[in-house]
Each structure stands twice: as structure tokens, then as C-alpha cells.
Amino acid sequence: MNPVNYLYLAALLFTIGATGVLIRRNAIVVFMCIELMLNACNLAFVTFSRMHGNLDGQIIAFFTMVVAAAEVVVGLAIIVSLFRTRHSASVDDASLMKL
Amino acid sequence: MENLIALLIAAPLLGAAVLLCGGRRLDAVGHWIGTVLAAASFVLGVVLFTGMLGKAADHRTLTQHLFSWIPVGGFQADVTFRLDQLSMTFVLLITGVGSLIHLYSVGYMEHDERRRRFFGYLNLFLAAMLLLVLADNYLLLYVGWEGVGLASYLLIGFWQHKPSAATAAKKAFLVNRVGDMGLSIAIMLMFTTFGTFAFGPVFADVDRTGQGKLTAIGLMLLLAACGKSAQVPLQSWLGDAMEGPTPVSALIHAATMVTAGVYLIVRSGAIFNAAPDAQLAVTVVGAVTLLFGAIVGCAKDDIKKALAGSTMSQIGYMVLAAGLGPIGYVFAIMHLVTHGFFKAGLFLGAGSVMHGMNDEVDMRRYGGLRKYMPVTFVTFGLGYLAIIGFPGLSGFFSKDKIIEAAFAKGGTEGWILGGAALLGAAITAYYMTRVMLMTFFGEERWRNAPTPSPAEPSVEPAAETRGEHAEPHPHESPGVMTIPMIVLAFGSVFAGGLFSVGDRFLRWLEPVTGHSEGHSPVSALTVTASTLVLLVVGAGIAYAQYGRRPVPAVAPRGSLLTRAARRDLLQDDFNHVVLVRGGEHLTRSLVYVDHTLVDGVVNGTAASVGGLSGRLRRLQNGYARSYAVSMFGGAAVLVALTLLMRAV
Amino acid sequence: MSAAAVHSLWTTAADPISKIQAPKIEYGQLSPTLIVIGAALVGVLIEAFVPRASRYYAQVFVSVVALAAAFAAVVALAADGYGTTKAHIAAMGAIAVDGPSLFLQGTILLAGLLGVFTFAERRLDPAAHGNRVDSFAAQAASVPGSDSEKAAVKAGFTTTEAFPLLLFAVGGMLVFPSANDLLTLFVALEVFSLPLYLLCALARRKRLMSQEAAVKYFLLGAFASAFTLFGIALLYGYSGSVSYATIAQVVDGTVTNVDPALANTMGNDALLLVGTALIGMGLLFKVAAVPFHMWTPDVYQGAPTPVTGFMAAATKVAAFGALLRLLYVVLPGMRWDWRPVMWAVAIVTMLGGAIVAITQTDIKRLLAYSSIAHAGFILAGVIATSKDGVSSVLFYLAAYSFVTIGAFAVVTLVRDAGGEATHLSKWAGLGRRSPLVAAVFAVFLLAFAGIPLTSGFAGKFAVFKAAAEGGAIPLVVIGVISSAIAAFFYIRVIVLMFFSEPRPEGPTVAVPSPLTMTAIAVGVAVTVVLGVAPQYFLDLASQAGVFVR
Amino acid sequence: MSFPLLTATAVLPAVGAIATAAVPAAQRTAAKWLALVVSLATLALAAVVAFRFAPGGARYQFTESHAWIKDFGVRYELGVDGIAVALIALTALLIPFVILAGWHDADPMETGSRRWRPTQGFFALILAVEAMVILSFEATDVFLFYIFFEAMLIPMYFLIGGFGDHAHEHGEQAASTQRSYAAVKFLLYNLVGGLIMLAAVIGLYVQAGNFSLPEIVQARANGSLHMATGTERWLFLGFFFAFAVKAPLWPLHTWLPNAMGEATAPVAVLITAVVDKVGTFAMLRFCLQLFPEASKWATPVILVLALISIIYGALLAVGQRDIKRLVAYASISHFGFIILGIFAMTTQGQSGATLYMVNHGISTAALMLVAGFLISRRGSRLIADYGGVQKVAPVLAGTFLIGGLATLSLPGLAPFVSEFLVLVGTFTRHPAIGIIATFGIVLAALYTLVLYQRTMTGPVKTEVAAMPDLRVRELLVIAPLIALLIFLGVYPKPVADIVNPAVRHTMSDVHQTDPKPEVEAAK
């Protein structure tokens, strides 16, 4: 099957993730959407690696996962602390600072 | 010899410096310092005069180069003095009459606590006036020209606490500035035409350039002359200038400064001779002014303003003569000198009268003063006879010559100008007789004088401001005041004869101004005869009106012309409406424009940027997701742009 | 460890083990980064093992020493000629050791050092329960206003983790501008971003805002890095490699041995263009360029001021470094595609930052917008695409970072009951109360405004000059106009400080410890020196202006 | 390497400024005296420059040149021609009077913190301005000039906004707000001008590759540096705009009335008599020499603008209610004359313009400082609040009148010489413009005399009845200025001789020669 389709899939996933970031209020969900985008990237990497017949892409995918994990650690810490303070994980509630 | 010329100016200048910077410690002796220095300058002048007489007629011109003043490229202005017969005449007149009036002022200003400063100003005036007549180039002349303007400004406004005086002074300076504009433009024209503005070179090159340029220069010089000599249309300041102390009126606004215009025209004879159109303009101005002044003089009840009108008219004669070219130059100057004597005498007389009458100036509250102040009466009377041109007295000779010259111009112009001159003579006789009668004859109207109606514009406000309506006790003035009057009276009686016998004055001045006998359509005899007839007529009418009938203490309403004449023929109203009002509106609207438009544009830009900022600021609404949207949009645009760039 | 290295391992794995050659790592040349990261790890250990009472001192000591040592190492490398003659690519093509990276690393390290000083400041806040406190939360985990927080404060806890976090961030920033393949770039990006997210959340006062800032920064940052990553993926897809050199060759079309797959993807410019755009967006996000700037004011306002100062200075340096390398090393071949785009971005950034700043009422937000405007100015230099462009940007970054840290350090001094008094209205009449502080701040503002005889002017002139020589005259004109607009609000602050009457309830100016004083003093000194006698540093920058390829 | 005279002339006040600022808060008087002494020492140095300057010698003298910022092609290059010497002398001459006149202007009203030292600041700032102005007159390197041209805004800004006369019809609060408005307006106008010039400076560098004025002029002369017509014009406009704001030329003038109105009289003098001169000076030195062709191209427009400034400024002066604003608008009119003279492109015009800068400096200083003394007595700037002052304070009135007469350029006083030269210089090339400009002298008489009449003459107002006459310090300020006005009016030759050669050089740079008089042309 033509690997290019995987690229389309990746692009689709990426767009879905981005849209999710834009439309969802809950910080956790937003964050998950971001993770989705990262995974879309991974898919793209792997596909390209397959197309080019070298393994860089696959290795990068591993790196990405690690980075994503690190992001989870940091991100959840922040989001949780926010949640504990405000008893809501809605991104829109966090709008003290504006203008 | 020529090294003395600078001293002529230095003496009064020193006086001015000492008196003005000296401070109060000089109050006691200040006036004498001033007088002595003025006299010193006169003596010096006499010495130079005798020295000059000793020389051949065409070697009498002395020049003294002091230093290079403004050297810039081709523009070379030097401080150089030139003493020839013409300037000599003026030096003697200025310093002579000047010294007399200094003397007179010692008495007149006795009770003024600022007398020292008054003398300082007088000395300053002498210095400036001498600079004016001694300058060897137009720029230096310009310095003197404005210098006398400054002195006149200071002296007219000497009683600054009187708003009227301050206003009059300002008006005089401003009107003169308009004239000065003419002079400076004339100088610029000379520079562009001849590359210089020194008398000698300019006159030498006159024939090298076109008539148009010369006419322009001539007209500009005429404008300057109009300002300084109170000729129509720049005459309006002279009447108000009477706000100044009377000695000032006598010296500056009768004898010397106001005649500077005549000097300028005569001095620039070479230019005018080559520019007939300019000459015609000069004669017209002269003729108009001599009638204008005369008419105004008829209507005034304020003795000084009446005299001012007459001054205007007499200078009109001189300008007319000067405009006639070589036919008239000499007589213009001659009339100028004789006029210097008798008009100064008349003013001093008027001053003496006011001195005796608690500074009352309204002739309608005089009357019958001859027995209270005999000396004043006699000297004033002689001056009167002289000015109306009574046979044998100075005015007769000088004025008669001018009228002849006017006819001698030939053609219709000649007739018109001559006619005007004749008519002027008649009116002169009328108004002077009127003054004479109202002041010294008739019943004593100053007893239980009623307060004048404020509506009367000719009554000077000083009378009210000082609030002296108590019955005055007329008395003769002290010696320091009468002596100058007597001397001047002698001048006004004999000067004319002295000059005319054997054409002395003509031959004296001819080398400078040149002279040519015009061929008059009417014989000199007829002119003289008709002058005398008109003289009698004028005086007769005046006698009929003011000598026979009693003079009302409050002026009757009078005919339209009379009322117009009282208001200086409405010139001030015109100026007020057109210039003052218009100017005020212009400036006010400009202030508005500057604030709203010029400044507004800038402030508007600033405000709009601020507004834009305020609007953009709202995008920063604090919602992380909207930030994300902008990022996403931004990314999209970025991608699109990049692709687009490759596409194009 | 770079992908290429791994790849070579993999492909040779089939052969006998003896054939495996260990990847070659030039530790000496990577020493700055290694020192800092190592110190950060030590910091973690300190948190684990050193008794609470002495942690603060230990952390400060370690951080200062480490940063100083790293800076010394950078200087040594530069002196050794790695900036110029011996410049080359280390760590199997992962890290470039050349002029720009050394210059920027030096700048970042100094900024980090001053940052540590401001972090360690403990005299400003009133002592809580008899123990001095810095501007970091007693215990970030405890809910604001809760009993646990009170207890933490009572117990005199302090978040000394801030220091290792800062060190990690610095470590990442050191790698970021010198990264020579896209993977390293991405990793470095995350390595310095994540600690910053955390640091933003650690404020002692106004914790709600602090946490909000952290959330916003984190979400948007992650969002942006996702885009970057996708861009990287596309570029990788286009060129079949992530190493700058290879990509550059592919872009230029000077690549040798083109296999069919590569030929296929090479033909597809969309990959290249979109990839470039997305990576560019990630970097522009970090440098706070319009329209990717909207996090800046909120984060700058909410984060603890020392963090803001450090972040504002160092992040910009690192990010612009990376941007320069990307555009100059990887994409010179497609200059004609990205230059117009950058033009647009630079213009909107300059104008947008300057205009919106006019109506700001909070000093930290004001400085945030000014930093946006400055990003625009620097972009003007980036666009020049000439050696002068590079060196001018380097110089500008150095000048700017010191001014920024100094300015924010001054902001920490002006305090009232609620902590720092950042609302502009409270600054009224400061010049009367404490002329010295006001004067110092005025100097920084004038430098921001680019008044002659300050470093700001020298920098601005350098970049505009480079841009003009690069033919971007309109850009210069717009830059000049926007700096005129910018001048307006800097002046506004000065007016406020000097010409308006002091408020009775106005703030007090705390007397700082030598630490903050040093930071400010250094800031002023550099500002003036770079303004009056910039030649030496310009030489430095222009020597360092060459990228290794 | 001879003694760096020019550097010394500028460094001395700079050091003095720092020293003055460092004087402890308590020793206010010490600071004043220090500043005065320093300014006098500077005057002495400036005098040395003026007397050692050889008019016949090289174009730029006492030159110094050191490397500064190689990368920007900037050198520390100083050198003075006659024009610069005249203006440096003027600056150094006026500063002591400014300091003396402002002796009590900065005595602190309110008590700030113990470090709040307004007095020290005031005099330090004045000296700082002096240093920067002198340097900008001396700089022959465009960039160096630009730096001080911009930098001098900052001390000026603090002088305007920080110290006003505490007399205001709407009270102190309104006064301070208006002051800072004026200060900000001043700064922004000049900053915008300066930044636009910055763009042009950069453009110039791109064209020329260095900033040395003599080198560029020479390169342009021998054709080795060619500029496209369009480029040259744009650069010219960039430079001219900045100078026109500074000068100020209509319609960029509106900052001046605010600044001069709100600032104390000495500061106002500093603005109009010293700082603004840098603008006109720079037109003469940089615009004409760097961009001769563009200058000629722009001349018609500039002449018209200058003409508008002359008439417009004078008319607005007539319409003012505020003494200081009146003087400000009068200055706008006079700057119109200066610019007219510069762009008349004749020897008379440019020499006249240079003399005008000097004379206007002195005359405005005289008028403005006396006005300041007057205002400090009555505590109001409104003309309507005065009347009959000459009765109670004759000396004050007298000096005020002389200042006024100088402003209306009465012959015999210095300004006449320069004004007439400008008029003649303009007339020889553009008669119409010359004639219209002469209307300015009538208007000048109008606003001056109206001012004098309303304030000094008439019945004595009760508020001024107790007004003391000039004190010794004040007399010390005014007397020398008046003496100078008279001396330069009677014997301007020394200054003219210094200026003329420089003007001749400039004329040759713009390839212009004076039009020949008609008769000579005929011969």
C-alpha cells in the first residue's frame, strides 16, 4: 500500500489534534490533543523513514516519545496545581491576565 | 577739517549715553549737560561752515571714512560721512534749532521728574538726525533714519503713563516702519542694480541702467519719504504725535525730522531726474498732502493739531518742489529751512501758551491772551505772518518760489500743481489767521470754562486725565523759554530775505542739487500778485468767522467736511476698519488655526495611534485558546505565504 | 547522540562486533553544556540529600560556580580559535562549535549568571517567620492560601529547585543555537522550555497569576513545538535526513548520490516549504514575533519577575541563534522564499509590539510588548542575509539581554504591601522618592528606546545598517517609525517617574542585597559601555559572524 | 599631536556637569558657583578657539581624528570652520548668563527624599547640554554629530519638564501637567525628526561607506562618489526634516511655543538661542555640503516655507496673550529669516544667516531673560496682568525695551545687520520673496511694541506697584548682553571676517555664485 496514505493520515491526525486544542476547554483534553499532534508527527516520521529507507525517522519517533513523556510530567504537574487551586481544569477560567 | 565731522555726531551721542546710563545722580545737572553738548555740536557746525565758505564752490564736499561696517562679499557698507552744502545746511538747522529747543525745554520740562531722560532722548535724536544727513551711503542713512524714528517714538511716548501717548508713539513708529520698508527695498534694488548703495557710485552709474529700475527705486524712496514726512497716505501719525511734549513737536515734528523725507528726495535727485514717472508721483503726493494738511488744519480746535496740519501742508509744499526736479530742489530746501524757523517758533509759542494755561490745548478755551503773554504774542505773530507768506518775511520768499516753480513745470501738470499750491496758500492764510484770532484775540473764553463734550475728538485727553478745569491764570513764560522764541522769530522774519537777496541760497546749494530755471507760462509777478490776493481773501474769511463773531466755547456741529476734517478726513477710521480690525481678525483666526489645524494634525495622529493600540489590545483577551487560534492562523498564513512566494 | 550516528551503528550491526566504532564525542568542545547539565544534576542530588537549611547556599554556590566555569570554558574555546579557524561540527554532526554558537553561549551563560543572582535575592520580601525568603513559592505543590501553604511558609520552606531548573534551561539554551540537526534542535527546545514552564509557576506572591501564566505558556508552548516537530518531519521527508548539512545540500540541489526515493520527495517542494514554515513558526513563537506573541505579555506578567527577566533575555538569545542557523545554514538556498515572509513578520512585529505597548498599564506587560517590538528589530537584521546581518544580530542580542535583565531586576525593587508594585500608576514620582533607582531605570528605558550613547542605539544602528545594506530600506524606515512610536511609551514611564507628583500611598523601594545590585550594576555598565565604546564587542561579533557548514 | 583644544572645550562642561551633579544636597550654593565657574572656564576656552582661529587658514581647523567605531565607519572627528567658531563662541558666551539668570530657578520647593537634588541637577543638566551642543558644532563626522544631536534631547527634556516657573494661572498642578506635556511634545517632535534622520544617516552610509564630512564632500566633488538623483533627494529630505523640526520651520514649529512657554526663562533661552541653532547650523553644514544638488532642487519649497514661518510666526506673536509664547513665535519668525538666508544661496544670505544665529541668540536671550525677571516678580506670564511697569521699575523697562528693539532689528543693534544681509541676499536672487519677507520687519515692530506698550506703559497696575527694579545679579546678566548687541551692531566686522571664508567654501560646495549687479553685467 502506498506509504503516502500514511502521510495523509498523519496530516489528518495532526489537524484533528490542532482543532481539538482550539475548541476544547478542559486543559487535560487540550493537552491530550497536543499529544495527538505529536503522535501524528511520529507517524509522519516513521512513514518518511520507510520511504527513504533509512532509520533516522524511526529513531526520532523514539525521541519524540521521550520528549512527550517529559512534557506529560511537567504539564500534568502544572495542570493539577491549577486544578487544585481553582477546582476546575478549564483553560478559559484561567484568564486573570488580559489586555 | 573733515575729522571733525564725526564729532558733530559724537557730542550729542555722548550726551545721550551719559544721561541715559548716568542714573539719578545726574538729575540735577542733566538738562544742562544735554543743552551744552547740543550747543557744542552747533558751534562745531559753525566752525565747519566757515571753513567751507573759505573754499571754492565745487571743492566744498568733505568726506570722512571711519571704518568698514558690514563687509560681506560684494556687499560693502562703510561708516563714511559726507559733508557738503546740502548736509551743511541741515547740520546748522538741526543743531541750531535743536540747541534753542534744548534751552527752551529747560524751562518747559522744569517740573517733570524725568527731565534728565527727556534730554537724553533729545540728544539721541540730534545724534541720529545728524547721522541721517551726514551719511555717505543709503544704509548708514537708514540707520539715522530709524534712529530718529526711535527718538521720536521715545519722545512722543514720553508721558507713557498716558495710554494715548503710548498708543500715539507706537502708531508713529509703525507707520514709519512701513516707510522704512520702502527705504530698505530701495537699498536692495540699488545693490542689485549698482552693486553698491553709496551716494557717489550710485549717482555716477544712474545713466547705465534702465528707467524701470530707477522708477522703482524712486517710488520706494518716495514711500520712505511719505512715512517720515507724514505725506499722504502715511500721514496719519503726525496728528497723534502731538501727544508728545511741545518742544518735541517743535523740534522733531515741525523743524527737522519730518523734513527728512524732503532731504532724501533732494539727496537722491540724480535718481529722480532720470525717472520722470517717480517725479510725477512725488509732485502728486506733495500737492495732495499740502491741501490735505491745510484742510485738516482748518478744522482742528486743538492748537497743536492745527499746527500739525499746517506742518503737513508745508512739507507738502517742499515735497512738491522736490518733485519738480532741478527747478525746485533749492526752493524745497529753502522753504524747509525757513519753515524750520517759523514753525518751530509757532510751536514754542503754542507751548508757551499751554504752559501759561495749565496745558490746555483747546483753542476754544483761549482767547484774548495777547495782553497776558506779550512776548509769546509777538513772536507767535511774526511766525504767523511768516507762514502765511506776508511780503518780506521768510515764508513769502520761499513759498512764492515754489508756486512759481510749480507753474514752471509746464503743461497741464504745471497748471494743476500751481493751482493747488495757490489754493494751499489761501487755506494756509485762513487757518493760521483762525489760530491767531482764537488764541490771542476775542473775549477770554478760558474764564469759567465748561468741561468739553467728550464726543469732541479734537480735544486731547490730557485735559481730562489731568482733571485741571480750574480757572487758569495765564502768565508769560520764563526767560529760558522766551529767548529761543525771540531768536526763532528773528529767523522767521529775516531768513527768507537773507537767502533770496542775490540768490545766495541758490548759489550755495546749486553745486550739490543743480538748478535750472523753468520757463513759467505765467510771469513771476502775476504769481506773486495772485498769491497775495488769495492770502488776503483767506485771512479775510477767517476774520469774518472768528474775528467779528464771538467764538463758541463748544465747537458747533459743523458741515460734513468740517466734521470729516476734524477726524483727519476719516483716515484713522479707514485704518481702523481695514488694518486694525482686519489684522485682529487675521491674527485671531491664525492662532485658532495654529492650535487646531497645525497642532491638531499631530495630536490627531498620536490619538489615532493610541486608539488603534486600544483596539488591538482587546485581542489580548486572556483566553489561551484564542491565543492558540491566532497562532494557528499565523501558521496557516505563514505556510500560505511561503507557498505563494514560490508560486510567484 | 545524533540520528546519523545511530543509523551508522544499526547498519553496521550485521558485521562482526569488532567493526563497531564508538561514536566520537569531543567532550572538550561540548564542555560548557556538559558542565551546566552536570551541575543541574548535582543540584537535583542536593535537593535530595542536603539538609533543607543549607540547600539554598549549596544550590547558589553550585549554580554560580557551574555557570562561571562554563563561561570560562566558552572563553577558552573561543580563545582556542574554535570560534573562527577551528570551527567545526562536533558530536558526530549534532553540535556546531563555531563563532555564533560560542558568542551566544557566552551571552546566555552571563544572562544565566545574572539570573541566578536575581533568583537568589532574599532581602526584598519581608522576612516570613524570621527566615528570609526569595521570590519563589514556599511550596509550589501547596494550594495558595491553604493551611499547607501556611505551614510550609512557617517551616521556612523554599523552592530551591528553581536553581537546577534554571541550570537545565540554560543547558538547553546552550544547545539550541548550536544544534546542527533538527532532532537536536527539537530536543534542546524541549529541554529549555520545560524548566521554564515550571519556573513560571513558582511565584511566591500572586500565585494564581503565576500558575495561569505557567498553564498558558505550557499549553501554547507545547502546541508550538508540535508544529515545529511536524515541520521537522516534513523537512526530513523532503530531504531524507535531519542533518543541516544534508538538508542544505538537498535544498541547493548539490546533493550527491540521489536515490529514487529522495529524487521523488525532492521533487515535492510543498514538503520543503510547509516544513520550513512550520519550523519557522516554532522559532518565531519562542522569539515572540507577531502573530505568535500573545503568550508573551501574560507570561511575563505572571511569572516571578526574576524568571521573567532571565526568560526574556536568554530565550530570545537562544531562539534567535537557532533561527539564524536554520536560515543561514539550512535554507540559504531558498532565501527568496523565506525573506519576503520574514519581511512581513518583521513589519507586523515591530509595529504591533510598539503600538499595543502604548496603552499598557502594567510595567511588566509594557516590557513584554517592548520585547516583542525588539524581536521585530532583530528580525530586520536577520533578513539582511549577510555576514554583517549575523554579527549585528549577535551584537543586538548581547546588548538587549543585559538591558532586559537589568530592567526586570529594577522592577523587583519597587514593592508595596502586595509584593511588587507593577502597576504604572504606582510608579508616579519615583524619581522624587529614590532618584538613583529611577535614574537607573531611565537609563534602561533610554537604551530600549535606542537613544544614542546607549547600547540600544548601537544595536539598533547595527541591525538597521545591515538591513539597509541588504537592500531592505523600507524595513529600516518602518523600523524607524515604530521605534518612534516605541519611544513614546518609554518616555511615558520616565515622565511618570520624574515629572508627576508622588502618591502618598505609593510603593517603597526595597534596598536589595549585593546580588541584585550586581545584576543591575552589570546591566548599567554593559549598557553604557556598549553604547559609548562598542567597537571591541562589534569586532567580537563580526569575528563570530561566520557559521560552520 | 597638539593639545586637543576642541575636545577640551566640550569635555570641560561635561566633567563640570558630573561634578555639579555630585555636589551633596546641602551645598546648593556651592553647586551653583561650581557650575558658573565651569561655564566661565569653558567661555575662556571658546575664546581661545575663536582668537586662535585663522580666517584665512584651512577650512577646518584644530582638527582631531581618532578611530571610534570602525564597523560603523565612524571616527571621532572634530574640526571647526568660521561658522562653527561663531556658534561655539555664542554657546559658551550665553551659558554663564543662563546659569546666572537661573540662579534661584531650581531652589527646591517641596522636600523629596534626602537624595533629591533638583538644584544640582538643574545646573548639571545645563552644563551637559552645553557640552553636547558644542560637540555637535565641532563634529565633522556625520554620525558623531547625529549622536550628540539626539543625545542633547534628554537633558533638555528634563530641563523643560523638571523645572518650570512656579507661576501659573491655573495653579501648580496644572502647571506641572502642562510642563510635562510640553516636555514630551518637545522630545517626541525632535525624536521623530532624529529617527527619520537616522534612516537617512544609514542610507548615507550605504552610499558613502563612511561618515567623514570632508571626505564625502571631496568624494562627491571629484565624482568618485556618485549618488542617484532620487537617492540624494531622499537622503536630503531625511536630514532636512530633522533640522527643520529642530530649527523649527513651519509647520513643524508647534512644539516651540509650548516648550518655551512652560520652561523657565533661562531654559527657554537655552532652547531657542542655543539648541535650536544646531538645526540651522546643520542645514548649512550638512544639508548643503552633502547634498548640493538636492538642496538646489528643494530650495523653492524651503524658501516658501521659510517665508510662511516669517509672516506666520510674526502674526501669531501679535495674537499671543502670554509673554513667553509671544517671544517663542517671534523666534519662529526669526528662524524663518535664518533658513531663508541659508537657502537664498548667496554670500550675503548665508553670512547673514550665520550672523543672524549669533545675534538672534543674544537678542532673544536679552529679551527672554528680562521677561523672566519680570515674570518672577509678578508671578504671571499673561501680558494682561501687567501695566505701567516702567513707572516703578524703569531700568527693567528700559532693558526690556532694548531687548525688544533688538528683536525688531533696529539699525544700530546687532540683529539689524544680519537681517538686512539676509534680506539683501534673498532679494538678489528672489526679489519677490525678499520683498514679502520685508513685511516681517513691520510685523516685528508691531508685536514688540504692542508687548512693550501693554506691559510697561499706561497707568500702574496695583499688582505691579510694589515691583522692585532689577537687582545687581540681574543687571550683571543683562548689561553685557546689551553691550554686546550694540557692539555687534556697530562693528560686526570681526565676526563677519571669521564667517565669510567658511561661507565662501559652502557656496563653492553647492556650485553657486552671487548674481552680478546689473551695471557690472552691462559693463
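Every chain is named by a letter (A, B, C and D) in the order it is written, and numbering of its residues begins at 1.
The working rule: contacts are C-beta pairs under 8 Å (C-beta built on N, C-alpha and C of every residue); 3 or more make two chains touch, one makes a residue touch a chain.
Please read these numbers as outputs of a predicted model, since none were measured by experiment.
Using the average of C-alpha coordinates as each chain's centre, B ends up farthest from chain A. For chain pairs A-B and B-C, the one joined by more C-beta pairs in contact is B-C.
The most centrally placed chain, judged by C-alpha centroids, is D. Our note on geometry: chain A versus chain B, Cα centroid distance of 97 Å, whole angstroms. With centres defined as mean CA coordinates, chain D is found 65 Å away from chain A. In this assembly, the C-alpha centroid of chain B lies 81 Å from the C-alpha centroid of chain C. Rounded to a whole number, the gap between the C-alpha centres of chain C and chain D is 45 angstrom.
Each of the following residues of chain B touches two or more other chains: 606, 617, 620, 622, 624, 628.
Within chain C, the positions touching two or more other chains are listed as 215-216, 219, 223, 227, 297-298, 488. Residue positions of chain D touching 2 or more other chains: 188. Inter-chain contacts occur between A-B, A-C, B-C, B-D, C-D. Chain D contributes residues 67-72, 110, 112-113, 115-117, 146-148, 150-151, 153-154, 157-158, 161-162, 173, 176, 179-180, 183-184, 187-188, 191-192, 195-196, 198-199, 202-203, 205-206 to its touches with chain C in the complex.
Touching chain A in their complex are the following residues of chain B: 617-618, 620-625, 628-629, 632.
Considering their complex, residues 188-189, 250-251, 253-254, 312, 315-316, 318-320, 346-348, 351-352, 388, 390-391, 398, 405, 410-412, 416-417, 420-421, 423-424, 427-428, 431, 434-435, 438-439, 441-442, 445-446, 449-450, 453, 456-460, 490-493, 496-497, 500, 504, 514-520, 522-523 of chain D touch chain B.
Within the complex formed with chain D, the residues of chain B that make contact are 20, 67-75, 139, 142-143, 145-147, 150, 153, 157, 160-161, 163, 165-167, 170, 173-174, 177-178, 180-181, 184-185, 187-189, 191-196, 205, 208-209, 213, 583, 586-588, 590-591, 594, 598-599, 602, 606. Touching chain C in their complex are the following residues of chain B: 606, 609-610, 612-614, 616-617, 619-620, 622, 624, 626-628, 630-631, 633-635, 637-639, 641-643, 645-646.
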